[in-house]
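Once you scroll down, you'll see the structures, which are given as structure tokens.
Shared between the two complexes below is chain A, which has chain B as its partner in the first and chain C in the second.
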Partner chain A sequence: MLEHFSFQYPFTHNPALNDISFRLLPGKTLGIIGPSASGKTSLLYAIAGILQKHFPAGITSGTIARDGTQPVVNPSEIGFVFQDPYMQLSGVTETVETEIAFSLEQLAIPQHIIRARIDEQISQFQLGHLALRHPRSLSGGETRLLALACETAKHPRWLLLDQPTESLHSEGIRFLTTLLNALKLTTNIIMVDHRLEVIAAVCGRVLFLHHGEQQFFGTPPELFTSAIDTNELDIPLWIDAQRQLTGRAETLLYRKSLRMLQQWH
Partner chain B sequence: MALIQFTNVSFSYLRNVPVLHHISFSIEKTERVMLVGTIGAGKSTMLKLAVGLLSPDNGTVIVDGINPSRNPLHEIARRIGVALQNPSDQIFSITVREEIIYGLHNLGVQETSHTLHRIADLFHLTDVLDKHPYDLHPAQRRLLALASTIAMNTPFCIFDEPTSGVSKPERKLISAALDQQTTAGKGYLLITHDLAFGMEQCDRILVLNKGIIAVDEAVPDFLRRPDAQGILKANGMQMPIVPRMSATLAQENIAVLLPDFLSQLPGKHNENTL
Partner chain C sequence: MRVICVRVKFHPIVFITLLLFTFAATVAGGLILQLSLVVVFLSFSAFIKRRRAFWKKMLTFGIPLALVLVILNDFILTSIKPEYMEQGVHYALRFLTLLTCLLTIVHVTTPTQFALGLRSLKLPHRLNHIFLLSFEVFDSFRTIAQNVSTAQQLRGFRIRKNIFSRTKNLFPLFFPVVFSALSMSLDRGIAFDLKGIESPVSKTYLLEWKPTALDKFLSAFLLVLSFLVIVF
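Moving on, here comes the complex of A and B:
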């Protein structure tokens, strides 16, 4: 869906995205990885259509398509979870419930369906005890869960997530991984995250960006066995161990510890 | 005398929903302590109590001999530097340069250029000093918040989720900055969901569970406890892989190989996590 796509922000000298090409087959989930400032969020914005809309003076070349046409911002079709969950809050509602309702009212969804969706999300994210609390009074992790709930409540065709595991604890991350794996059966998911173990558990394809350039596009196992420099990535320890030991005269014990590492993972 | 002393502290935002329940602990000036607990456990609340942004319903909080809620904020600010969970809550200046020295100016320090350059260098912010903080990438904004906290040169700091949203290169910078604090004889309290990072950077662990301090122990002692994994699990946390691995290997009598094995891996795995 992207062919030689490049984008340069207005008043800058270098492209933020440089010659990105990949095709994501229907039903495949994409993880975008790379160090900070490598263009991950820009790419997510481009796929959402936000980039082109907010920076009409930006320099674009190549083609980008979502569902076969140029992406436009379409809130009824896209759920977008921003990296900063506080930024996601509307600021106009007084309770967690009405915050979820607000995100749906934008889409002109009938009231009775909104009610059902609120209940569905509150139970899914276990927010019952917070339902009547002010969105701004939530803790860091609770705010993240609310931001996720507001977007999944839309039942979007596309769910784009920018570092959704941030401010969650292990249990929250495990919950999110399971949720995304269930959602991907009906939703196109594209996510940016530093946690490669989550990307590997959710995404069928991974795109590795560095300085706006595409270093790699393929499956997670292909990435982990490829020869490209992944020094700046958070490669999971057990995969790293495996790579370090490949090609060495492994002792029995090494192999044993390796097996254990894998089991634990 | 302890730097931070909580005695029998209780706190709730809403009546009938207690967040902290008769909590007592103390932290010395040079200690490196991690505070963990599930989402909404009350960790950030403890931070706010420690620096006087909230005052306890019951019990007392004493910082370096004074009561934070009865003293002006700047009295605490010269004793404890704070990096908030959400960097946007603490960044107000219009350039990175001003943000880093903002706190120092507030404390009346005139000569700031040496500190500015040392700290900017430490956090790799030298090239962006004239940028607006909102033109930084989120991970850099996190570094900026930490930089301006450390620039205050307080004897002690509290960091709320310092590694949230950052990737490996920034994590290394943060780790180096914390180590530098230690070398300078300064302590810190690290609030974190990132147990591997916490266990590498801290000597003592506090687990906050259902409003009470369920664990207050030296990290190596905690790791040796047979129920350590269970305690973490009950709090929604997973034991980092290195201690989990080493525990099993020790049972199998092949612990000697572990340091050798780990030395093959990039990253930092020190005595504590072993």
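Moving on, here comes the complex of A and C:
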């Protein structure tokens, strides 16, 4: 829950986040969208507690709470997948299996549970053929899946994802969408992505940021029918075509599209 | 689940004591001992690499480096006189002995295996954290340097010619590479923090690599040798 939350990084003149207010109900997933440099990653950092810990000289105003308290970096509670998945590799493991184990080892999880979790993640993420490969030898898409597997292995309460579909091919995106829909049953997911079709398929709420300011907060169908300027967003082609043709969201086909979106989640 | 294959024959504790012995030899040992160590370490590295190019590279870098060190040491000793030359050679040799020892260690182990061995020594977590992150800094540095130099070469920047022009051409890239690597390391630090590396609880390890009897014997032998070098 955020109320008039603003944050300005040290040695900068403009706030990265300006007057953000929204409340996410338990069990709802949130998709954060917006053009580049609109504050999406900063907002994820704020929710994770990273801004408060690693940028203490930053200027903060308003309130931010996660599960009713001030957010702190709690690795057992938060799974965070960075935009660059290579950055997330520990660099000290030799196989995909031991890379998954690394985070669990830090949290002092007993060995037999670590082994069970590795098997679980490898099966869930279909990484069996890569299990004994060196993490640095994987492709971009495989590394992204590995980074996600490492974080979900912790069974976090909150899963924060920064552009998880980047560098994935269309089949990989479909696989990830199905996976996230399964994960959201047990985990609160907040994700940043440029692919609105993925956001619409996974998230119950969308937050649209522009230059650090909140432009919209609501459901995906509400976003597509709203009058806000979404020129800088990758609106799915079939919805955009309808908007271009009709100018208003009143045609039968458009209503059918909205029903499809609602059915997805 | 299969246990990873450990390629290194010796535990990092052996390498640590080897470094200690080399340090003792450079501080207390004579010219002959240091020269012998340099030759042994270089031969060992060459044997492992099994390449003639290794010797070529070592001579290309080693001889100018040794000369620079000798001259620099003379300069530090305020005046370049023949009586100071021996001292200059001695200082330069100290540096080269430690450098070749480190080179040998780098050739026979990997950061992963070194970290795996170190954590079995039950060192404080914070120390392990610093160790892991420092490797990450070098890794980031190497990755960025490669990317930047490839990009610059594609834009027509001539880097590979000979050692002198290469040094001159790489100089303008030095600061961007260093600052990018430091910035990337900050991000990696955040990623490590989110993995719970700073968590105060005692860790559990899926795989542990404990020193064998041979490792313990070699470490003890090198320790005794270091002591003897310092005393005699």
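Here is the rule we go by: the second predicted complex is superposed on the first by the 246 of 265 C-alpha atoms of A that agree within 3 Å, B and C clash if a C-alpha of one lies under 4 Å from a C-alpha of the other, contacts with A are read in each partner's own complex, and residues count from 1 in each chain.
Throughout what follows, contacts are C-beta pairs under 8 Å (C-beta built on N, C-alpha and C of every residue); 3 or more make two chains touch, one makes a residue touch a chain.
Just so we're clear, the structure is a prediction, and the values are computed from it rather than from any experiment.
*Asks:* Mind checking chain B and chain C on superposed chain A, clash or fit?
*Replies:* clash
*Asks:* Report for A:Q111: first if it touches chain B alone, second if chain C alone, otherwise both or neither.
*Replies:* Second partner only, chain C.
*Asks:* Can A:E166 be said to touch chain B (first), chain C (second), both, or neither?
*Replies:* First partner only, chain B.
*Asks:* Touching A:P75, do we find chain B (first), chain C (second), both, or neither?
*Replies:* second
*Asks:* Pick one for A:A101: touches chain B only (first), chain C only (second), both, or neither.
*Replies:* So A:A101 only meets chain C here.
*Asks:* Just to be sure I read the superposition right, which of the two partners does A:V92 touch: chain B = first, chain C = second, or both, or neither?
*Replies:* second
*Asks:* Shared contact residues on chain A for chain B and chain C?
*Replies:* The answer is residues 84 of chain A.
*Asks:* Which stretch or stretches of chain A touch chain B in the complex?
*Replies:* Touch list, chain A to chain B: 35-37, 83-84, 86, 137-142, 145, 163, 166-172, 194, 231-234, 237-238, 240-241, 244-245, 253-254, 256-257, 260-261, 264-265.
*Asks:* Within their complex, state which residues of chain C touch chain A.
*Replies:* Interface residues on the chain C side: 1-2, 4, 111-112, 115-116, 132, 135-136, 139, 184, 186-197, 199, 201-207.
*Asks:* Quick check: in the complex, which residue numbers of chain A touch chain C?
*Replies:* 48, 50, 53-54, 73, 75-76, 78, 80, 82, 84, 87-88, 90-95, 97-98, 101-111, 114-115, 118-119, 131-132, 150
*Asks:* Under the definition above, what is the set of chain B residues touching chain A in their complex?
*Replies:* 13, 38-40, 44, 85-86, 88, 137-140, 160-161, 164-170, 193, 195, 235-238, 241-242, 244-245, 248-249, 252, 254, 257-258, 261, 264-267
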